[in-house]
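So that you can tell them apart, the chains are marked A, B and C in the order they are listed, and the count of residues begins at 1 in each.
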Amino acid sequence: MNRTWTSRLVIFLTLAFLIGPFFVIIAAALSGGNSLAFPPQGFSLRWFIAVFEVKSFRASFGLSMFLAVFGTLAALLLGVPAAYAVTRYRIPFGEAVRMAVAAPIIVPGIIVGLALLRYLVVPIGMTVTVALFLAHTALVLPYAVRVVAASLENLRPDIEEAAVLLGCTRFGAFRRTVLPNIRGGILAAFILGFVTSFNQVPVSLFLSGPGVRTLPIDMLAYIEMTYDPSVAALSALLAFLSIGIVFAAERFLGLSRYV
Amino acid sequence: MRTNRAEALALVLPAALFATAIFLVPVGILLSEAFRSGGTWSVDAYFEFFSQPLNQTVFFRTLKLGVLVTAVSAVIGYVAAFCIVGLEPRNRGRIFGLVVLPLMISPVARTYAWIVILGRTGIVNQAILGLGISDTPVRILFTETAVFIGLLQLFMPLMIISLVSAMENLPRDAISAARVLGANWLQVFLRVILPLTREGLVIGGTLVFTGSLTAYITPAILGGAKVLMLETLLYQRVTVANDFLSASVIAMILIVMSFSANVLLKRVATSRRGGTP
Amino acid sequence: MSDGYVSLEALTLAYGRSVAVDRLDLSIRRGELLALLGPSGCGKTTTMRAVAGLLEPRSGRIRIDGADVTRTPPNRRNVGLVFQSYALFPHLSVFENAAFGLRLRRDSKSGVESRTRAILATVGLENLAGRNPSELSGGQQQRLALARSLVMEPKLLLLDEPLSNLDARLRLEMRTELQRVQIETGVTMVFVTHDQSEALALADRIVVMRDGAVVQTGTPEEIYNRPRTAFVADFVGFDNIFSCREGMLVSDSGSVDRTGNVPDSGALAWRPADVVVGSGSLRGRVVASSFAGQHREYVLESPLGRIKAQVPAGEPAHPIGGEVAFALPPGKAHPLPDDGG
């Protein structure tokens, strides 16, 4: 067999393994039957509609959205100055600071969730929602710093000096010359952070209370109880949501340049 | 590079303090708990933990699956990366995008698909029954095989991405040069590609191994209570028995394993550089 | 065309749908130093990769020393290739780079050692054997790449733009080096270049390529003095080329009646040095004038478009912007029979 064709076959098989399951799940979600099966029994959109009628899904979707949007924004608020400092200054104890900011990537999420539950929620009486918010912010922080730092590194530091020489204040120079140029990086960081937070499970495992659950945790709980295709439908919807966001980001921003 | 300390600290401290307060301190306390059992500093909790046969099984299973998933994804990853790098730039970008895509999708959704495929009435079993390979459905779900497949699908993209970037940085014509000098494909891989892409292998390997160790969803959905891994065991110990001591021990094991994997892979990567003069 | 030591017969090469080389015939003699000369994109590097076995031909045949190697993989051809980028292995020392091929052949350890040392001595790198390739200068890297191929005693050594990455001084040095190595080892060498002076200075024979086909083959003298097409003429320094139609010299910008002095078809070409400035029947305006030591170069705007001329530096200079008479002497005209311009 020709080498080009061998290579195409390899790529096809790899992609089939990585992406194929989504097609299966979409097909299963389109089933008309009452339990999960493939090939689907008849064709129907009923499970896609049923998803919206599950009350807990609506609540947990709202919570996950809230955490993903505001957790990521908070992480950017902390992360952009940190990224600026990391790329433009020689920081005292630079390595230690870098480690502290990167720690949430290294430490397994389940441990973080448990630690927060034991030492913040229980003793201080902090609400689970606040703990979730803090945890998701910290979780996204390393990504925010890394992505924004990457786009700052691609920007010449002397344009700010030029702006200051032309009469800008230090902050004005940042706002007028740096910020417009790293907007793409910040947006990329936001999308990456949003997706990371929205899909996050281990951190949130222990951080749930009555009526307070993130969507993935809710889905896990639902899977344990029932075997109907509604989770398949929800999974398909979420997959489309992620793909749509990423596709739009790649199309309009070139997301892959920052990751 | 500016050196104004006050400015730099003012910019970086909020992030660093936040991460310290929310992450380092609580996690540090949690980790120290196992050493403070019984009122004094000791490592008894670790001996206690490893004396339980179930815990031993779970530990070795986690290690085994981590190593296996890393090794298999490296093998497939090299072949796939080699093919992807050989594509024209336009197609390379597209295929690369398709490899990255699953990473953006909820792991719950990704793992759930395998229930449909591997379940009692799933696609694989229907094929097995239909082809007459077996008369009764084969149990795949809630076995190590299912967890292995789920983890492989979940983390292989990380390996492929790392290896593709490493291969794109191979010096131009290095592979061709080796071919012309008489190397067959196996020799090209062992003598040129492997030594020059070791760093990518280390990064990919660390990501895949650490990911497999600390995955919760995959063993929870595809392994269930039958195939516990460290992470699901931790959850079970806490929720079922309020056993925070075991949780602390497992947390330490997970962190130590991730770190040692990274260190080990780095050492493998940097050893035997250069040749005899 | 199968009499040569290496012969390419109706070789067609393509990347995907774009055909780079179309039905190429070429014969290479044993022990010669052949240059493939042409502008970038003419298919010369593609041809070379195919001869090395790195690109499978769409059709046609490649023979080396009587054997058909068209389907032989590159690792079994024993053809050496010195890449334009050198393609040295960054993870191996200078010595191990040179020994790479020998080690694959599982030669005896002492044999590998002595032969590698000998070849490194040949190219003057014996004292740098323990270094990394990145610690070598451009010229040293080039010589290491050469040594790495030569040590295999290839049936044929291919060099892709061997001098293009070197500065002017090193380039002269490597020219002599290549010629010396070729005479010393007797290896058949083919090198690809876009630089006509390189080809003229080095090669025993030159093959000029354009758009995937051979346009002219000959010794350096033949190519330099008797180009057969405007393309080749332009390449070897005939800067003033005009086509001939019914007694007229024709260019893109105009024509001049030269009845009796020009053929009815084909083209005529003059080198800058053959253009007479200061007298003659044609008139032009000086748009550029530059002093170059031994001579002065002019660009004249004339009814035939831009004319490049070169006169001995001793003659009085003509000011830029001024009108000047010039001539294209019929006796110095070089006919290009194969070409309409």
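Just so we're on the same page, contacts are C-beta pairs under 8 Å (C-beta built on N, C-alpha and C of every residue); 3 or more make two chains touch, one makes a residue touch a chain.
Not measured: the values here are computed from a predicted model.
Fewest steps needed to get from chain B to chain C, stepping only to touching chains, is 1.
Chain-level centrality, scored on Cα centres against the all-protein Cα centre, points to B. Here the two chains linked by the largest count of contacting C-beta pairs are A-B. Seen from the Cα centre of chain A, the chain whose own Cα centre is farthest off is C.
Separating the CA-averaged centres of chain B and chain C is a span of 53 Å.
The centroid of the Cα atoms in chain A and the matching centroid in chain C are 56 Å apart.
Centres computed as Cα averages put chain A at a distance of 18 Å from chain B. The residues of chain C lying in touch with chain B in their complex are 16, 49, 52-54, 73-81, 83, 85, 87-93, 95-96, 99-101, 104-105, 129-130, 132, 148-149, 152. The residues of chain A lying in touch with chain B in their complex are 7-8, 10-11, 14-15, 17-19, 21-22, 24-25, 28, 36-38, 78-79, 81-82, 84-86, 88-92, 97, 100-101, 103-104, 106-112, 114-116, 118-120, 134-135, 137-138, 141, 145, 195, 198-199, 201-202, 205-206, 216, 219-220, 223, 231-232, 234-236, 238-239, 242-243, 245-246, 250, 256. Contact residues on chain B toward chain C in their complex (touch as defined above): 88, 171-174, 176-184, 187, 191-192, 195-196, 273-277.
Here chain B touches chain A in the complex through residues 1-5, 7-9, 11-12, 14-16, 18-20, 22-27, 29-30, 76, 79-80, 82-84, 86-87, 93, 95-102, 104-110, 112-117, 119, 121-123, 126, 152-153, 156-157, 160, 213-214, 216-217, 220-221, 231, 234-235, 238, 244, 247, 251, 254-255, 258, going by the rule given at the top.
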